[in-house]
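Mind having a look at this structure? Questions to follow.
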């Protein structure tokens, strides 16, 4: 309900077409669908510029399917299901076929991202750079989300700073990108180095990849926040989805 | 040294105007000035789209003054000195007069931001929202930095979520902003609520303000990272300067 | 043994009906039953106003069954078994049938709450609000406990602050509730927002739900403690049972 | 603006007394006063059942005085200034005389609580129990806040569990209290013991008092959350004000 | 090699019975058996007053068996194998039969303590008090170790401070004990209360039992260290073996 | 009030010398003196075998003096005031002269231990071993407390394991001691090495001495708990007083 | 591409043999092979003096095999695959036979190190000392890596400081070693003691072995950093590979 | 006492020149001087290859002076006093003049390093690289220590990775160095980048320099341990002295 709707409602009240107490009730009625176990927000796309995404962990397969179904049937725009296990994936695909599934082939122990009704394609150059091969699972979630939003990101894998020339080889792409997502575990140093090379907006994603002192991503998260490169913005550990959303906000 | 310079150098080598070993030396010569205690980076503005900023803590007043002097005399674009104490401020102003100083009047225990040679004004609407009055010191650093970059940000203070209507009163501004900086200590919840209301790019700054369980900003930092609003990008604790740089990257 | 019992005992001593050394012994005899591996406290209901609840983890199925049996046979009032796995549930139901089991249908990986001999119904309006669908497991433990105490709580699920209008839609219920339980993982911001909207006593439960920076509930716990809303009282992570007890203390 | 006001406004719209766009504007106008550096919330008392309290740290003396002045002049009900240092206390008392100041005599290094316009007296029996003498500073903040709300709490100091008989001596008061606040540093065990003795609602305040492993209150906070006594509700470290607010919510 | 042996050796050197360089070699030869993967210490009993105990985790079943075998065949006094899983237990019992095994019947997920060649019985009254039933696994390790050392400890289970009368019922035993071991998870408050009641040496064992804020025993460990009762000595989390050793040192 | 007193009281009740309700009252009257801000425990010596010690931090000088005065005038046995600053020391000595003060000469920034009415001398050999010179402040508190209890401990300073021969030089004393206190900061390794050398009861005190990774004593505390030497009992960081009490319990 | 190559390239440019834009392209072409999911660094051996090692966790078996294959076919010098599970080991051995596999026989739950094309043997005496038998898994990774680099390290197992004579028995080897690696979990004290005995370069590896307060290696890591022995250099938790690399750097 | 001394002693015993019990005593007499508050280790230089360094914090000025005096008068080789405040510096210089003092001019709030009797000069090329100007205080301690050991290290300041070309400008020096010390606060990324560029032994020193998420050096310490560059060895936070000692071990 935006300003326009509100003014229309009040005009109806003045004209007597709507009684005051009915208007009160209507002002309270907000654009979500209550499924009992979830309040599906049909307004979010409008309000945040981002489609509703359903975070699968902790929901039953049936709940996943029902929420995605509600969003597809009564909403508009892209719909995402993130971090789905096999049961959640199956139940939701049965009810809501036609999703793009990432990764295409199931990988042992890796959760899936599903997306329906992609946004029209956009021209921006988005770069997703990972420090190592093992960061690719997080990159995949980020890429799947960006694709649902209409972007065609390019992934550059395995550019860790221990071989900084591998990164410098992409110097042209880095400085001309519209946005860069850096995904790195261990000490997360890649964010600082990339941040020093490019003027593009930069979103850093710490990952839980790495040896003992990585503390499941906390080290990378802290290190990225302590980065000596200015203007590095950080999202949560392993949060490829969040990074994609941050990019979508910047480039809308 | 960009592609163009490099090609020119090589043409000079081919023509014999430059000897190969001289070219090797020149390829090694990079655009910074070595002051002994600091390597002043005259290339950063070009490379990152951000002016060099001098972080005062841990430097002697003389070092602050010398670095800022070098940047003003041999560089171009805005120059910043952040978190300067009284001695650093005095020494640097003596050598490099004409700075804009924030806060205008000294406040007990609050460090200053100084800026020289502001960038030309830009039109973007940048909003800086704080949860409480005590977050204003961080907001000031952010605003001073944005001003140096040519922005004219608007500050909305004291919108903590315990009185969410104070925030809703700015709804129009939030949804039409080009970028929003949310500055909040304690539990940092303001970032989530603002993130749910606006489609604008959003940079969250956790502050060290608050009661015992705030853990000097760590609670707000973690909470902002765990935010249920998608696409919230976070910078370090009390890092108003970093938030301004992140905005500058997004809006350049 | 309350004041009345004590005075009676002493009168018996004065009258000679009880010998002093027998009284000494009796004063030592306290109202619990020693099962060897557990000291079942028949006095707790009287003393705390709360029935004894048996926390299943770490106990063998036989120990669970024996303790619940002792409480049902020799005590009065409601009896609870919380966080029971399948073996504990089966063994206890075999010995002590007639329990209300939550959830009604077993859900993979979710522990059960069992309750016997519910308290008579009470009229108070207790609201249990969750930030997301994945917080429902904790809400169920809270609701099952409240029901055992005679309350008929109403659950409002999935009101996370990223879509604050979903919460405002329940404004009437929030301001008229006798007590509100807020259950939220991630950044736990819901507690602050609800605390700012309602004058009701408010118990916040951090949950271990959420992405990487949630630190298994510690982020939400700290954030709720740093809440900018006054008078938010917090219980332990995922402790739906504890929240119900806190409510029971307030409304007794 | 409550339901009643809203309906009146709509009736005015229907009658033509108020134009629709004026009504839109008015719906946006919310009951706070914008002082530039603070948005003073005149509605909070109504909404939360608690008066606005001004948290002094991080505010200039002038800001403290201005906010308290606004609340006294344009609001109703009790007003509090918490954790004021000497400058803040002086500046605010100059502008807003007549406050009750706690502690009555200044104590080195201890911040003050000021209160104006106390609520009418209430009859409830509120008990504030401290583990040690050093917890009294937190107890004072709690008591000052409760007094502003109209309560006349009784303080029982120095009941640490290392001499549990000192606590048992107050058994009668504990079991008949309407609410109990337990204030304890070190290992915070007092909350568990009191929670096992009384059926009253119980708010536990961890304090930063204690030897090395107390970790400035974090140990007590965690211990109180891990309490084996059911229904213990916890507020933040040293947060005597918050404990008083939690009690006020329970007993309103 | 004690003073006596050393003097004997030197007398032999003086008499020429041993050549100086042979003496040098012998002084280097210390009383352990090198099995390649382990250096079995036959001197420890003499030196520490405690028998060698083999900590099973991280060792192969064959290594466990070989080390225990070496200790039984070439050493004297009690021998312990702690935290053995089923394979380690089987392999070691096959090679070294006749152990006392705790628990007597295997319990799912619980590691075993094995002991051989118990020390002669001692008269001391050692009390092992647990806060809850779930702490019994740690108590078992402590008791098995004490029994190997010749003590006949008495276990009092489930005395948590939420029902402090259950503890007071054992007051006589507490004050007359020669040593008390307190085993408690959650908030660990039992150590403080027991410490306040008895003059006996008191060893506190934090356990990893408990709800979310217990942090796998860290909360109890910190709380026990912050204990307001004087002279509480603490061992590591779940370290029933260590507590028994501390008692053995005290009572030797 | 012990069993004997209780039986006497009940005999008086039977004989009619004491009315039942008077007996109830008397049973409630416990042996402490309520000074308002403190409940002075005259029974602790009897109950714990340890004298009451007053922990100065957080108390006003007047409160320190009053509590010590109460203990000296109406109690028996040794009395201690620990961690007193200059004001607390002066105020207490004025009211209660004749204390032994440690350190004898004031040292900048070091708090004092005062003791009155020492216990009669005991014969036990107690050894206090420190890793470094900087641990001596903690050792002093431990020694002052032990002296109040009647012990004449011997201090061996600066035996850190980086020069393990300095420790081995005291081998005879270590193996014949009745109790050993090890005081060490940094990595706390001294506790393990000493624990491996002596069969004596061993109390380890982590100190906040050391470089950056010492984390103000937390590293030493954790390391001592993870000690590979069996039966090491640990007290809190810098808690020399607590170590002395633990020794007193063991040797009583 | 080293100085020599660069000068050659420029001479070719001067002679016209290479066109400037071709030279620009070539200067950008860096010595790695892009496999899509990995950028294999053929230059690392030259640059770091260390062969490329492939860290298996997070990579698919096919990725492991492909990267190792690329390194063997197109590179020179030793190649390592570390922490491989059974699938990764099988897939890689199928494609790249002839590896030395550690451990020789698979051990339940232990990951493998594979190495190909060992460096020629070196004479240095490298000592790998472990505190306990359970640290041997980390020692194996260290030894396998050292062997690939051409060293023939000697392992001395189970020298924990609780029996310091077991270490002193190796005194001669310690003082004459060219480098010492100390591998220890629990409290990590072995590093300090060894550091105090030998002048050799010393690399300490904290392991995740040990009881509750070991915090999965964090305690040992912190303790080793707080070591009182000077010049102890530490690598990450369980990082046997990193310790071997640090040694290789020192002895190259 | 080395092997040679020991054999000599035993020959004396055989010849009767020394009685056995006198030899026992002598074997116990180890080469340190007991000053009461410190055991000065005259053997350390021989044993560790490093001179004794006196760590000033926690020692009185007189203790500092006495220990340094003892080392100079009765020992040989370099002597260091580290982290001395003004009083400690004055007292020690008065007793032991002729020290080299770092920094040469006192800087507010910076502790000093003093050194006497430097070792003869060595030829090795040691590089000390700092990320920022503010890391220079730590670099100074490292350089002063290296100078005492006879090295003439070269400092390259302010090479943070946000301007990686500043580091590449020193490429030649990095690859030809005999040892490199990297000193960096914030996210510590410099260690990884330098580690990827040079084959030299590399010691990384995390510093407590930096913004909020630096956690006083813990972030840099963890990040350096999680470094993706192989063979990076880390010392404690701000521990310039320790880094110098690690280098001295490597290059001896």
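We call the chains A, B, C, D, E, F, G and H, going by the order they appear; numbering starts again at 1 in every chain.
Heads up, the rule we're going with is that a residue touches a chain if its C-beta (ideal position, glycine included) is under 8 Å from a C-beta of that chain, and two chains touch if they have at least 3 such contacts.
Just so you know, these numbers come straight off a predicted model, no measurement behind them.
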item	value
Touching chain C and also chain F, the following chains	D, E
Contact-richer chain pair (by C-beta pairs counted) among B-C and A-D	B-C
Chain F-chain H separation of Cα centroids, rounded to whole Å	37
Distance between the centres, which are taken as Cα means, of chain G and chain C, whole angstrom	52
Multi-chain contact sites of chain D, meaning residues that touch two or more partners	44, 47-48, 132, 162-163, 195-197, 211-213, 221, 225-227, 229-230, 236-237, 239, 242
Chain-to-chain touches, reported pairwise for every pair that qualifies	A-B, A-C, A-D, A-G, A-H, B-C, B-D, B-G, B-H, C-D, C-E, C-F, D-E, D-F, E-F, E-G, E-H, F-G, F-H, G-H
Chain B residues touching chain C - in the complex, by the definition given at the top	131-132, 160-164, 185-189, 192-193, 195-197, 210-215, 218-220, 222-230
Residues of chain D defined as touching chain A within the complex	3, 6-7, 10-11, 13-14, 16, 20-21, 23-24, 27
Chain G residues touching chain A - in the complex, by the definition given at the top	28-32, 36-39, 41, 43-44, 47-48, 55, 57-60, 63, 67, 206, 208, 216-217, 221, 236-239, 242
Complex contacts: residues of chain B adjacent to chain D	107, 132-137, 157-159, 162-163, 165-166, 168-169, 171, 209, 211-213
Touch list for chain E against partner chain F, complex	44, 47-50, 53, 175, 195-203, 221, 225-227, 229-237, 239, 241-242, 244-250, 252
